[in-house]
Every structure is written in C-alpha cells, then in structure tokens.
Amino acid sequence: MNKQYEAAVIGGGIIGSAIAYYLAKEKIDTAVFDGGRIGEKTTSAAAGMLGAHSESIGDFSVFFPFARTSQRAYAALKDELYEQSGVDIGYKKGGILKLAYTEEDQKNLEPLLVQPTVQWLESEDVIYMEKEVSPDALGAAYIPDDVSVLPNRTCESFAKSAQALGASIFENHPVYSIEKQAGNYIIHTAQGDVEAKYVVVATGVLSNSLFKHLVLSERLSPVKGESLIVRADKPLLKHTLFHDSCYIVPRNNGTLVIGATMVENDWSDTVSLEGIQFLIEKAKTMMPAAAQLTIDRVIAGLRPGTFDGRPFIGRHPEDKHILVACGHYRNGILLAPATGQMIRDFILEKDIPSEWIEAFRVDRRQLVMA
Amino acid sequence: MNKQYEAAVIGGGIIGSAIAYYLAKEKIDTAVFDGGRIGEKTTSAAAGMLGAHSESIGDFSVFFPFARTSQRAYAALKDELYEQSGVDIGYKKGGILKLAYTEEDQKNLEPLLVQPTVQWLESEDVIYMEKEVSPDALGAAYIPDDVSVLPNRTCESFAKSAQALGASIFENHPVYSIEKQAGNYIIHTAQGDVEAKYVVVATGVLSNSLFKHLVLSERLSPVKGESLIVRADKPLLKHTLFHDSCYIVPRNNGTLVIGATMVENDWSDTVSLEGIQFLIEKAKTMMPAAAQLTIDRVIAGLRPGTFDGRPFIGRHPEDKHILVACGHYRNGILLAPATGQMIRDFILEKDIPSEWIEAFRVDRRQLVMA
Amino acid sequence: MNKQYEAAVIGGGIIGSAIAYYLAKEKIDTAVFDGGRIGEKTTSAAAGMLGAHSESIGDFSVFFPFARTSQRAYAALKDELYEQSGVDIGYKKGGILKLAYTEEDQKNLEPLLVQPTVQWLESEDVIYMEKEVSPDALGAAYIPDDVSVLPNRTCESFAKSAQALGASIFENHPVYSIEKQAGNYIIHTAQGDVEAKYVVVATGVLSNSLFKHLVLSERLSPVKGESLIVRADKPLLKHTLFHDSCYIVPRNNGTLVIGATMVENDWSDTVSLEGIQFLIEKAKTMMPAAAQLTIDRVIAGLRPGTFDGRPFIGRHPEDKHILVACGHYRNGILLAPATGQMIRDFILEKDIPSEWIEAFRVDRRQLVMA
Amino acid sequence: MNKQYEAAVIGGGIIGSAIAYYLAKEKIDTAVFDGGRIGEKTTSAAAGMLGAHSESIGDFSVFFPFARTSQRAYAALKDELYEQSGVDIGYKKGGILKLAYTEEDQKNLEPLLVQPTVQWLESEDVIYMEKEVSPDALGAAYIPDDVSVLPNRTCESFAKSAQALGASIFENHPVYSIEKQAGNYIIHTAQGDVEAKYVVVATGVLSNSLFKHLVLSERLSPVKGESLIVRADKPLLKHTLFHDSCYIVPRNNGTLVIGATMVENDWSDTVSLEGIQFLIEKAKTMMPAAAQLTIDRVIAGLRPGTFDGRPFIGRHPEDKHILVACGHYRNGILLAPATGQMIRDFILEKDIPSEWIEAFRVDRRQLVMA
C-alpha cells in the first residue's frame, strides 16, 4: 500500500466511487478505502432509477436542479465509463409513469406537471403505452428523462474507471480513525496507516462513528429498503411504474425490481415477510398482472437518512480539508455524479452554486437555529 | 456402464432412491436412471413432514396404516442410512399441532382424535407449548409421531446407501423407451442401452410419457407446490403448525418451511408473487409473529396427482416384471420406505397386504368401473 | 395453449430462440417448446465469443462465410433486439488476440492471417495492447471483429423479441413425440398436444431421441465444456485472449470467463476438480496474473457434437416440413442468427447458398458414402 | 434494546456464541453484539474438524489438554444444544487419518503416536479403511476421537441455545467504543449505547481496533484460509484425510471440504485461482480420485493469528472486568466450548488451571520479555 495520497475517500459505495472517478480525472492521486467490497451494501440494493423529477416533489427549488444536473451527467457517463472500464452501466431509456389513482394523487403531481419535461397522460393513454397498468389509474405524469441504470454495475464502472485513471481502490480496509498530523491526515485502517492531504467521508449510513470522531454533531439514521427482483415470462413493461413511493422498474437485464419498503431505524439487511407482502400489494395496485410475476431474489439496503431529507455534501465546518458526502437517502445512484463533481470542485476550489453549498452543508441545522 | 441389471429403476427422486435401497439390501443388482440429478426436482421442494396422521384425513382405512408403517420405518432408517452413507437425514422430533379455528375445523379433526396417538389440546395448552401460536386458535390436535426429515438429504442418503450396498446410480440418463426382448427389457437412454429383468417406473409427475409408452391408461397431473424457506432471529417453534393444508415446519438446520400452495396443472417450477402472498397470509393466521420472519429462499415442485389421490404402486396389469411406483402427491417423503418395501416384495414375490395391492394398483379405476 | 401454429420450434436455447425471432419477423405464427426454461442449459454455459475468424481454422471455405454472415448480423441485432425486448445482449467490442507461443502455433495461424480482417502483432505490440499477456508469447493474430455477447441475455432477448412480434414461448413443455396427421404434425407434449405445419428440431445435444423418432440416422454426442467465471480487482483485459482452444473473455458486466474444457461423452453438467485445474493452468499460460483472479462461480454445458464438426441445418431428407437445426458444437451463439435466417428461408422457400445447404444437410454423410 | 446487561460479549462468531451459551447457563444476563450476522465470517469458512490431536503437534503440554477438554465437551453438547435450540450441530464420527508419505512425515507423527488415543496404521490397513487413499502413503496415524461438526450450524445452535436460556443476540450492531463509567462499561454501538458489568472481546481477527482502544499492545494478524466444498457421485470417504496442514473432511450433509490455504496478511475473503490450484493438488496427493470430485462452492475466512499461535483468553491486565477471547487461529470451532467455560469461570471467579491462564493471557509476551 502506497503510504501517501492526495485524497483519501472513505467508503466505496456509489458515492465514494463516483468521487474517486472525478478526482482521478483531475489527476488527483486518490485512494478509496472500503470496509468490505465495493458497492456491496446499500448500493447493491438500489433500484437504479434516475428519478430527478419523480423524487423532487416538495423540493423543486434546490434538489431538482442538483438532481437534474446529475441525471444529465449520466447521458455522457454511460459511454465514458464503459470506455474506461469495460463495464457497462446498464443505462435504460423508457422513463417513469407516475400514476394517480385519486384526485389527491393528481394534486400531488401538480408541481411536477409544470416542468416542461413532464406530461400528463389520461388513463387511456397510459394503457395505450403500458397495457398492463391498472385501469383504476386516473392517469399519470409521464417523465421520459427519468431513466434507469444498474446500480452495482454503475458503481463498479466508476471504481474501475477511477483505477484506469490512476486511483487505488482498497477493499476490506475498514477505517478506524483519522488523525491530524503536521497539516496532513493519518488514516488508520485494519491493514495499516496511510497519509492524505484531503479526506472524504462517504460511508453512507455507517458514517455516524466517523462523524462522532470528527466532532460533527449530525447523525444519519437508517431507513431500510426491501425490494423484490422478479421475472416475467414475456415482455411486460417498457416504462417504470411509480406510485406512492413504490415502483416497478424494468431493467435491461430482463428482470424487474419491485421496491421499496421504508423501515425506519432497522439496521438489518434481511427481508421480512411483511415487507414482501407490502410490496406485492403495491405492485398489484399498479399492475394487476404482477400477481403472476415469479420471484428471482430479494435485496435490502440501508438508506442513509438525514434530519431534513437532503444529503450532507461539503466541508467540515472547522477543517476544509475534510469533506463529507453522505446522507443521500433514496437518491444515491441519481446524485452520485453531481456529488462527485461538487467534491472535486471543493478540493480544486472551483465555483460551486452557493445555494447548493448552503442546502447541503453539514452544519446547516445549527446555522438555521442560531 | 454395466450392460445388465436385475432391476432398473427409472427415476431417482425419493421414491426411486428408496426402492433402490430396499432392493440393494436384498442383493438384487439394481441400477437407477435419472434424467438429471438425484432428488433435484419434486423431492427437493418437499417440506419433509412425515404426516402419517395429519395427511390421512378421509382415508384412515387404507392410507393410514400404509403411511404409519412407512413413518415407523424412518425411526430405524435414520441410523441405518447414516451408517451406510454418512449422510444424515435430519430427523427432527416435535410432532405436529393441527390447529382448529372454527367448529368446522374441530369437526374435521374428529377422525384423527380417535387415534390413540393423537391428543386434543385446548387453546391455552397449545399456547403453553408454542407461545407464538395465534390466540384465535380454539385448540389443536397434537400428533407427536408426525415428525419430519430433510427431503433432499433423505433422498441422497437412500441413494448413497444403495450404492454402498452395490447399486449403481446413473445421473443425467434420461430414459427414452423400454423394449421387451427375449423376456428381458432393453432400456434406451441418452447414453446408451441397458438390459434388465425388472423395470420400475418411479418418475413422479413425469411418468406420463412412459405410461403412454407402456400402454397404461392413467395419467398423472401436476399440482405445483410453492414454499418459503425462512429464518427467525431467535428460537421460535419446536412443533410443526398445520392448518388448512398449510404448515410451518421448524427444521433441524435452523430454517423453517412455510408451505405449500396447490396450483393445479401448472408445469412450471417458479414461485409466483400470488403464491408467496397466499403463504404469508396462511403463516400469519397460524402465528402472527410470522410477519417478522425473514426470507432465505423459495422452492417449488410438482406433486404427482392421481385421479383419486392415492399413489400407483404395483405391477403392470399385463406384465408383472414391470412395476409402477408414482403418484405420491403430497406424501412422497412419508411413503418412500413403505413403497420401497412393497416394490421389493413384489419382486421377491413375498406377501403384501391385499388391501394395499388393491388400493394402489394402477388399473383400479377400470376395475371399479368394470 | 392455442392448438394450432404455423411453425413449432422444439427447443428454446439460443438456436431455437433465434429461429423463432426470424420466423416471427415474417409474421409466421410460431410456438417454441422447451422442456425446461429458455436458455438454461448449453446456452447459459457458453462464453459468448462471436469467433467467426478464430473458430474457422481448417474450414475457411464454408464455415467462415456462414459464421461471418452471422457475426455481422449481430451488429444490427444488438439494437434491434433491445428495442423489441428491452433486454440488452451485452455486445462487447475489443476482439480477440489469438496467441502464438511456438512456431507451430504461428504456422497454425497462417490461414487466419491471410484474411484482411486479421493482423499479426509482434510480442511487444501484444503487450502494449494488453500488458498482462505472458511475455512468452511470440505474438498474436489480432481479430478486432471477433467481439462477444452475453449468451443467456442474448437468448432471452431473442425469445422476448419473438414474443413481442407474436410468437408463443412454452417453457416446461417437454416434447415426447411428433406424429404426422393429414399433412400437419401433432406434437405431443407433457402438457397436451398442438398442431403445426412446420416442425423445427432445435434441441441441441438432446436431439438424439427426436432424431431416432424421426428416422434420422445421425446422432449428436456431447462434448462437455466447463468454464470459470472470475473477477479481477482492477481493470485487466480489454481483449479476449485465445490459445489452444482456451480463452479468457472480458465481459461487459465486469466478469471474465475462462473456458473451456472438452470432455467427450460426458452427459453431466457438473464441474470437476481436474477440469478446474486444467483451466487455471491454461489461463496462467496466457496471462500469469490469472493466478490472482478470484472465482465467482463455475458453469458447464454440453456442446452438441457432430461427426464432422459442422452443424445440421436443413430439411429432413424425407419430409421438407420437418427442419433440423442442431449440432452447433462450440459455436451456437455465433451461428444463431445465420441459422435462424437459413431456417426462415427454407420455410419461405427463398434462395439459400447451395454450398451451405450441402455442407449442413443432415444426410451429408450418407451422400458422401453413397 | 434493554439498556443494562451483566455481560456484553462483542462478536457473535463461534467463540462469542459459545461464551454466551455458557454464561446464559449460569443465569448471567448476557448480550452478544455482532457487526453483521451471527457466524457469517470466519466461522462459516471453517471445516469443523475437532482436531484436538491432529492440531496439537508441537504443543502437547498445554494446547492438547485444553483442546481435548473442549473436544470432549462436544460429545455432550451435541444433544444439549439440539434440545435447547432445535438446531443440530452435524456431529460426525469417523475420525482422522493423518497420512505419512515420507520418513520425515512419520517422524513428525511420533509425538502423536505416543497418545493412547492414536494408532499407527500401515499402508494396507489405511487402504482397507479407505480404499481411495493414495497408495503412496506409507501409513497413517489414526485418531478416532478427532470427529467433526458443521461450523455455522454449531454457532447458530450455541446462539439460539443461549437465547433460549435468556441471552440477547444483537445482529448488525457494530461496536465503536467502550467507555468506563462509574464502575460499569458503556458500549457504544451503531444502534445506541448499552451498559454492562463485564465486557468480553470475541471479535476474532477484527479485534485489533478494540485492542488498541483498550490499550492492549498485541495485535492479531489474518491468515486467510480458502476451501472447496465438493461432492462425490458415490460414497467415498468415512474418515477425514489429513496431510501437511491440508485435509479432506466428509460431512454429514453429503459434501466434502477440501481445505485450507494459509495466506498471510490478506484481509480479503475471496478465493483465488492459485488457492484453488493448490488445494486440488493437495487433495489429489491424498486421494487421486479427488480429480473427479465436482465443485459445489468455495469459502474463505480470516483465521485470527497471534504471535505464538496460541489464543488470547483471559482478563485485561489492568481491568479484570474486561475479558478477551480471540486469536484461535485454525482452531476456533474446536476450542469454543473450553473457551466459553474458561471465560465463565473468570467471571464467576472459579478455579482455572493455572497453566491455561498463563499460556493464554494476553500480556504473556511482555511477561516473558520482562
């Protein structure tokens, strides 16, 4: 293990891997430390929807432009990453049909429908597009740009591309502590110590211990998401169906993902029978034919929740060489590119939109309270 | 491949493997031909309950004594097979609590309760024995003798024990046809021909093609059973719960099986979302805490159904050197030893209770009709 | 099950699925019958190299133009199939480096090197392209057009595209026999009978029983291929390495395939320790760093071998409504499109190059002998 | 989560689970905290040999009596644990044949052969017992008492038995730090804080961070072990074969384990191709027929190595309420009962053989040096 790096990224999920990619592109000597294997935890349990629109409900002022920047980045990344790494990210067009069953549902879609990239479809148009959708739906917001990718492939593609550009990836290297020493940081890992000029904390819901260690007062809380990977015996869906936080995503590998539950403060990564029951009910509401889908496997992961639903992306309040990038909740895959770019810009001291800096800074709660 | 055998058993599921064991014990030179791997189909999808009592409802005259003989055989087999093969069959004591929720349920249990081996327990006694049982249960028939085994281990143990006693097992040997030649049978397989003096058809629900080929007019129809293999995070059940054809079986490997659906005329071995939903509902009815169980995997298999629910075990009506042993429906694991003994006795021309011969003969429908 | 089809394809591996696709495109009402699940046997054990050049050694006159036609078809199919089915076939550029270690190796490459699409690279150029290749290699034939796909995805994409165009796919429908009746064929399956005007036998190495049934004198013999699916902890290879019938194929899903053994007359689909040992040796010869690759899983499948190494594609000698498409040996994935097109052209009575008809007809051995 | 316990065991592998069992039996209110799932790491990669004799070479004075005590405990535990938990530990008789190929091998076996429980067998007697053993073996030390168990079942059985006796098991609870407060310990976990009177560190090779935190100067170093789980198509071995640190263990579930490599300072849990190659070579040396075994899956785990090869079992030198039980290297399964008993006796302040206290104390190196 090379003993000195310019940047040490702690955590090799989708966020840490994307950061490493953007840093390596700038020839910043970067190392990623993951306690297990790249992308094996929360990342691998994601559905991979790039739902810039569908996830922005209630936050079109800040979240949406940030998410949209990230979503757009993927259009170029899909070829760029493949070229670098040889690993295809499974980018799949089609977009999302966000279904409405009640007038209240329709009302909730209104802020979405004012976007020029979103279109209202009446029930018959929905069924024309996807004939298995429940006839009970009154209609849907159709969002062609909310495409999807395969999450663990995307993570692997970021990581291998970063390696191809010179970054080092250390798996099975849990980080115990970080120590300031003569202006640099000593990072203590199970396999020895390394030194770095910048440290990026990208450990998702497992960041609490490092937060405490770095005297950051916020904490992340897990919101477990359980999903079903299923198969159909014939072509069934071309678009993702979405309703009431749940979805059915057709993937480019022939499977569909039905997700996801929201189990608060559960640190396990098992899938319970009541979770499965909930998901099957939801799927049948969207598409009655879901009853005949066959199960392939189940997945579960811990979304890193924050007090206000927005991620922490920014500098440590007391030390600008320590950066934080975690708390992406339901949107880690979507926000990875914009997060990687933002961390890169902090390190290179480039301009970053001030509203993003404010919205995502780790001490925003205290600032508001003060 | 040795070209001549005294007995050729077609099918290496639990029935064919048990038959091979009993023949090999008598030093009959036996070969088993399976189209795939030993026990990989219906056998591997069974729960392994030895429900001599619980499955006899409506047939205490014939089915019960036969099933009881078989159940009792396992008590000795568990050591005998382990000694021969080194493979443990996972015999687990505890027995079954057959729950009653309504007066009708209770009435249905009456024929069972007259058995000296069955005891009625009031609700509070049931909950004393198993504290997670639903308080809605009025009580239960307690059947200590209806223990369980691990089905694929039992099948493997029969097969390896048969080998240890001299039998040959040929996996990946689908049998295409059987031809009579000079008093013996030529068995045509994908890998060449062999000759045998006796032929035993033990191919479960896949027997239709051989039945047609052997001019037997009966047909087997599949009743697909889907089950869930689940885990609990603490010790939960010591006894199998049973209600309304469904059950929760605690196994000696730490898992529990929730089974099983009954899907008629479905030849697939996939598990559908509606099947899963049904099983979770049933499990919660028996034990509300089932909602928190976590899923390990799902299994499905095709039970071989017959016109009257009883297996076909006996000689071909026209040719006593051709024997049939299939159609065991929900009870293949339970009935394997008694079936193996009965086929052995047909070949050795030993006495067999005449009511069993009559009840299980393959041409019984025509005889009744004639 | 609809009872009448224009064409019944027996076998839903890569060959049967491709045929169904080409027939469905012509609006021929087609049904595929598979004994298990689509693509689960030999197809799923293939590496997916489209080795038109690398596999043509010794047969540039007939095999090569046929294989090359098929290989070229994939360039368009990759988008066409994705559009129809939503399933990506995992097309991966890069091509093959066919390595030479001895003068004899070099000599064997000569017929390949006269092709304008193949280029000789000296050792240093090989290592410049792929720095982990063994320095013992004298050089390599570089074949950019011999790209690769993901076999089971390709099969699924063909099958789902065929369905999207109107074809029916029946899984778990083993076919027992075929009967001529009033000009049409009755196909007897485990789940009932159907009628068809044309029958296509595409059951790979399992065709022997149907061949016998259809009074075809040829037989297919299995050549088992075992492979390892492995992972590297960093980007390792961009091109497939090939030497002495073995290869290391980097896939677009981040894994590499090391294949394959050639075990004659073995009908099992297990992977033996000696097979694994052989593959690791071979891989290390091509790339010493292979020692540090980590195993993901193993696969095995039965290549359908023919007496002369060429497939059987053509009409039954006695009955032009019965077509045969099997025996593709090491090249099922590569040859699927051209085979599908050829079967389509037989049915539509379109022109087919006569040298292909002669080279692949099922009774070619007798014709030569006569 | 109950906030106060008498004893907190950190780590739920075989060692922590066994300790919890012995404490719970004494009605000590015990909680186990595991960062992931019970027994999923090193424990699940063990072969399960209870090699009290075969592993004592070079340490018959201290290690042997301790290991022998532990081995003997299993004879009773197998029924006791099953009774409590319903989970069978897979105890398998047969014993070990420790093979000798050279005179040097024979010489190395001498200290073993003076034990009354070990017997020398000449080559022909070995082959009489196990006919597939290589005829190159000069003979073997036969150790009937060195039986085996299934490691993860044993761990689960200890943990569930502990629960049945009142212990609490918390999975997915990584422990960050331990703090002394008013005579008790506050244990900080990802899911909150708990208080305990006694703390037991049983985190195997992952103990380094806690060791540092608790100001213990020793460190554990990983020695990765890779193994193959294989199957035979007929009964093959009744006894474990052992030679030169490698072994073939027949299990009571029908599989065999070929193990294990010794890769120093490798923290990954993947299985490399060179590891596999090494194991196959070793297996063939012991039993040429191993070449035909078929692979089921591979496993790997990190043995916790110590400076002198003996475990750390004892009190913290500065604080007798902190106990350590880690560093069991190759012998975690074997030593779990004796370790659990010893930790119990420390807490209950019962007598413990002083030579065990001295041999296993965590500060033994400094004492010697001092």
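Labels A, B, C and D are assigned to the chains in the order they are written; within every chain, residues are numbered from 1.
FYI, a residue touches a chain if its C-beta (ideal position, glycine included) is under 8 Å from a C-beta of that chain, and two chains touch if they have at least 3 such contacts.
This structure is a prediction, so every number in the text was calculated from the model and none was measured.
Undergrad: So which has more C-beta pairs touching, B-C or B-D?
TA: Taking the two pairs in turn, the one with more contacts turns out to be B-D.
Undergrad: Where among A-C, A-D or C-D does the A-B interface show up again, with more than half of the contact pairs the same?
TA: C-D
Undergrad: Most remote chain relative to subunit C, going by C-alpha centroids?
TA: When every chain centre is compared against subunit C, the largest gap points to D.
Undergrad: Rounded to the nearest whole Å, what is the centre-to-centre distance of subunit C and subunit D, using the mean of the C-alpha atoms as each centre?
TA: Taking the mean C-alpha position of each chain, the two centres sit 48 Å apart.
Undergrad: What is the distance, in whole Å, between the centres of subunit B and subunit C, each centre taken as the mean of its C-alpha atoms?
TA: Their C-alpha centroids are separated by 40 Å.
Undergrad: Tell me, which residues of subunit A touch at least two other chains?
TA: 171, 268 - these are the residues of subunit A that touch more than one other chain.
Undergrad: Inside the complex, what are the residues of subunit A that reach subunit C?
TA: 82, 84-88, 90, 92, 94, 153, 156-157, 160, 163-164, 169, 171, 233-235, 237-238, 250, 252-254
Undergrad: Under the stated contact criterion, what part of subunit B meets subunit C in this complex?
TA: Interface residues on the subunit B side: 171-174, 176, 190-191, 206, 208-209, 212, 265, 267-269.
Undergrad: Please give the residue numbers of subunit B that touch subunit A in the complex, ascending.
TA: Checking each residue of subunit B against subunit A gives 228, 230-231, 268, 270-274, 276-277, 280-281, 283-284, 290-295, 298.
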